[in-house]
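Order as written gives the chain letters A, B, C, D and E; numbering starts at 1 within each chain.
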Amino acid sequence: MPGDFKRIPCPQETFQPQLYCKSSTKKQLLQENGKRADNRSLDEIRPIFLKAGVVSQARGSAYIEACNTKVICAVYGPHEVQRREGFSMQGSLRCEFKYATFSCPGRRQHQTDSEEKQMGLVIAQALQPAICLHKFPKSQLDIFVTVLQNDGSAFAAALTCASVAVADAGIEMYDVVIGCSLRQAGETTSVLDPTITEDFYSRSVDGDASNHGSVTAAYLPSLNQLSAIQQTGEIEPEVAAKCLQKCIEGSVRIFPVVSQCLIKATKRKAQKSQQTAKKDDV
Amino acid sequence: MAGIELLSDQGFRVDGRRPHELRKIQCRMGVFRQADGSAYIEQGNTRALATVYGPHEASGGRVRAQHDRVTINCQYSMATFSTGERKKRPMGDRKSQEMSQNLQRTFEAAIMTQLYPRSQIDIYVQVLQADGGNYCACVNAATLAIIDAGIPMRDYVCACSAGFVSDTPLVDISYLEESLGGPDMIVALLPKSEQIALFQLNSRLHADHLSKVLDMATKGCKDIHTVLDGAVRDHVSEVTDSMARS
Amino acid sequence: MAASTICIPGQRLGSTEEFQAGKGTYTRQGYVYSSLAGFRHESKQGEDLPELQVLLEDQQTVVPEVGSVVTVKMTSVNPRFCRCAILSVEGTPLTQSFRGMIRREDIRATEKDKVEVYKSYRPGDVVLARILSLGDAQWYLLSTAENELGVVLAQSEAGVNMVPISWCEMVCPKTHSKEFRKVARVQPQYLIQPAGT
Amino acid sequence: MATYIRPARKRKCSKTIQEPKRLVTPGDVITSDTDFMRGHGTYMEEDKLHASVAGVVETVNKLICVKPLKTRYNGEVGDVVIGRITEVGQKRWKVDTNSRLNSALMLSAVNLPGGELRRRSAEDELLMREYLAEGDLISAEVQSVFSDGALSIHTRSLKYGKLGQGVLVTVSPSLIKRRKTHFHNLTCGASIILGNNGYVWISPMAGAEEEEGGGFIQNLEPVLLSDREVMTRLKNCIVGLAEYRMMLYDTSILYTYEASLKYTLEELLKPELMEEVVEDTRRRLEQET
Amino acid sequence: MAKVQLSLGEKTFIIHGVQDGLRTDGRSCDAFRPMELECGVVSNTSGSSRLRLSNTEILVGVKAEMGKPRPTRPNEGYLEFFIDLSANASPEFEGRGGEELATEIANTLTLTYDLKNVLDYQALCVLPQQCCWVVYVDVVVLECGGNLFDAIGIAVKAALYNTRIPKVKVQVDSEGQEEIEVSDDPHDVVLLDTCNMPVLVTVSKIGQQHVVDATLEEEACCLACIVMAVNAKGALVGMEKKGSSSLTMDSIQDMITTGKKVGMNLNSNLSSVLQEIGRDASSSGFLS
């Protein structure tokens, strides 16, 4: 609830205690055996649990879990555009992206901040080329994404989750959208699907900071195109192109999960309607 | 008053002006191409920019349109870096909303509103650098912008501030003179007919002095009118000449 | 139905040389793709190529389309037109209503100039109508200029559902007062019986 | 060069120009003689005629008016205008014509496919968006002026109608010189329409017009590169003329085009070269008069 | 963004023109419109600049103020970006109309400047955990004629080049209390090193080709674009895809190559112009 902070007797500014911890050991991206902290290899993605149709009130919904990164998404609509705008033969998309207040290491505010607004915009833009918007003129589709727990790559997970939720809503789509993140550490090392400790923080890079950064891409597997690219950090253009290629490879590996999930959800729906049909007969 | 003498014994103000002297005014019309009218004005270190869009179809459809006259829509904003201490937001605070309303009233008095039923005129002013007399600079800039847009007005609207220090009225007061307390009067005047379109007085002033200060402000407005009129005439001559030679 | 026939959006279903694209599919560069997560259907009619469809029985997203028959509830009436809320499209209920408008000249097919809106519809009436066009930014344009279209449910001033007695009149069973309405000759396929009646 | 940045130039101090006679600014008294008729840009107060805009006083017989340097378009019946559809209504299109209110194009004021004498049916009302949709450009003629100042326009002549491929340039309406015709096929190889409302349309030279479909079907074939170069140069010339406040008509445009030929298209974007081209044109025009 | 509506014919003409490598104003696909830049326009700021790119006009004012360092980085100062899409630029931006786009631009700038290499942030710190310089970079968009991102990127870099931050001395008095003394000598100042600061380059995909520095009309024909932040070395310090369409890997690669080339060119041209203008330029601004 957006609180009236003036009346709540709590300090105006608080900091997480971790800031004041003196980390004695320097964090190493890779262990000595070349594996990552959670024993994954460089280009290994975390196992994914994906389920569609988890919010019964919504027209479509999905939940994704990749180890500790958990995102839930619900889709409502298409309904009439509320704001008075010009006539449009195409439907419009609106996406609200929110980190739950408890989802990140530090507490987040209830109000959507500018980062979250931006994320919402990017998700809407990433889904737009995948959705047959001309099928619902003058109407609007609302997508609500909430990150329940953020352990890195939450944005990529949100992209995948949102696209599954839209498909689950029975909205006609040209393609599904799959998100994948990557952290580049030096010219040659890149870590796919980074956890929050592996993720890129510009100031934490020691020495030469060139070619350190992170890349997130949204991939449309059937069209073989990218619908979103977000890059931070300093990366050579040639390396950046390679990063995108690796993100695509990662997405291709996620695709079977998405496809299985949608097939299962469709089966479930069919069974359900058969059951209700039987009940009606009785 | 904190150590600074606003008026020296010789009768000079902090910036070397005499009480009845205006700051240097420089202005330019037609700064932008896309707007219907635009103007920029410098009054000493106070700089303001005004743009005018319209008259055009009233936004918000028939509901907001007035069937017998034009709707005048004003927005006053200040660049966040314009003041000594950085402002958090360029507009939306109470002061700038009040300023917007004042502007609207001022120009409703001067523009021949009945000529454009169902239309709307947008007047946007922005203070780029604030050094006292912000509202006045905005009114003057907006007047120029409206003339640039070719919108009929009864007369110029010229605004000028005046203060009162040690029994002497000061015209066109700067930020320093404004901030050290004392009365602060703003007058927007239609100079030819000497009609006052806006009158505002902050802080206290003995009623006996009112007419003295008002006279000073009125005179300031007329002086500003002379400067602005000169600028407009130059601009019009130049453009007419260019159009005539083609 | 075999599980192998479930498709997901973006899945390639076949070439356009073999199939026609039907509902729930689209074509791109010579192939038919699925645009829904649903079951694959092939149907052949005559000499044409078999039509490919991807369907999902229970859940169809519907928005009002030109030509579809919709159920609306009147919200306001004035001498030139009446406004209404579109509640369902082709029998599929909508979660949120869309706004529509029926102009005076679209109320009935004959003697258009003699139509009086007040004698045709009243706020609260449930009416069957056909979508004429997408209209402007705010309103869908509807028409009831067919025998099958018009009022299906209307309450009298006494608050009782009225019974039609002709194509333009209804009568209240309680007070026996007559009221004017543009009554629909309701066809069975559009009739959804409320539970308990 | 891909990019070109330079320090801002100082504007040239314009030579002192003699103020034209009878220049007035708002509030000035034009005359206290009551024999005159009050025209645009003036108002009566205390039996005196005052100016309400800045400009030069024009007297036609007994009518006194002041024309401002630039305004929104004030329509007159018979003017050629170019407009953009902003809204599709039930029996009319709303058209932006740079005037103070949107203009109306009635369904009955257009030529629909299938001949001039065709009766307009209810179906046409539903198909209006098929003919002209939001964003489409049309050339039209002012048919009448409503009491509130809004214009009613029509396209009931073969020379008017929906515009196809080309570029629109918007200038101040006062820069358009009133001429017998506002449609020109320039010898340099492009056609232009100088709308009285300040909208200028540049299009490839009209070839054999296919008059089927009443002008609602657009030719979307790529324009030849040579034609495109001419159109682009014309566009830059018109923008330049407007920038330096020269009147626009076929001769001035053509002369500017010829003067500009010594520079490449990209060079013309530099303000100082454009200024030179415009000054050349001005000199040539002055010599001829 | 201030949008223009175009008819199908106009769009087709623009798209085919880009295909032929001749845009409607005579430029080739990888050319910028001429720009005019001046520094030191607003005298009560620490640094300012004004950029005019055809019809796009940007005014940037930088104000350095004392603040508290962020808890996450106790010994660094920081930059704060604010964009004001003023109603002067377009009536659409009146009230809160421009807010969404403004945050979008500010976010992009924050991301690209928030890197270790860009600026020596530690030099902006006065007293760790207690006091640092907060450099407010305030951008006002006065007129909008397309390509806002790039124009703002250039203007911001120029304003930071023009910025003068007073030198600060920290003295410890007898009781061990630290005292901060700010020099009021206008020549005793710290200048910012701008050579690693990026510029933004927007590469817009129109039809099958891509262009830089799109005009408003071209932006209306563009379905997808990539905004890149490119530094003087040609490395990307931030990249974002915008727009409603998707892109193939091939075209992304081409667009990145163009972006790098144009970005490096912009950086080198900008730095030579800035040197020409000089660090302590002041100019008359709008009167010229």
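Convention: a contact is a pair of C-beta atoms (placed from the backbone, for glycine too) under 8 Å apart; a residue touches a chain by one contact, two chains touch by 3 or more.
Not measured: the values here are computed from a predicted model.
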Would you identify the chain whose C-alpha centroid lies closest to the centroid of all protein C-alpha atoms displayed?
E
Taking each chain's centre as the mean of its Cα atoms, which chain lies farthest from chain D?
A
Of the other chains, whose C-alpha centre is the longest way from the centre of chain E?
C
Please work out the Cα centroid separation of chain D and chain E, and write it as a whole number of Å.
36
When the C-alpha atoms of chain A and chain B are each averaged to a single point, how far apart are the two points in Å?
51
Approximately how many whole Å separate the CA-defined centres of chain C and chain D?
47
Chain B residues counted as touching two or more neighbouring chains
33
Specify, in ascending order, the residues of chain C that touch 2 or more different other chains.
136
Within their complex, state which residues of chain E touch chain D.
5-10, 12-13, 16-17, 19-20, 22-28, 30-38, 50, 52, 154, 212, 261-262, 265-266, 269-270, 273, 276-277, 283, 288
Which residues, counting only chain A, touch chain E once they are in their complex?
15, 19, 114-115, 117-118, 121-122, 125, 128-130, 202-203, 205, 209-211, 220, 223-237, 240-241, 244-245, 248
Interface residues, chain B side, partner chain E - complex
26, 28, 31-35, 38, 40, 42, 45, 47, 49, 51, 53, 59, 73, 75, 77, 79-86, 90, 92, 122, 124, 126, 128-129, 131
Please name which positions on chain E make contact with chain B in the complex.
42-45, 48, 55, 57, 59, 61-63, 65, 82, 84, 86-88, 90-91, 94-96, 136, 138, 140, 142-145, 285-287
Could you pull out which chain D residues touch chain C in their complex?
87-90, 122, 126, 129
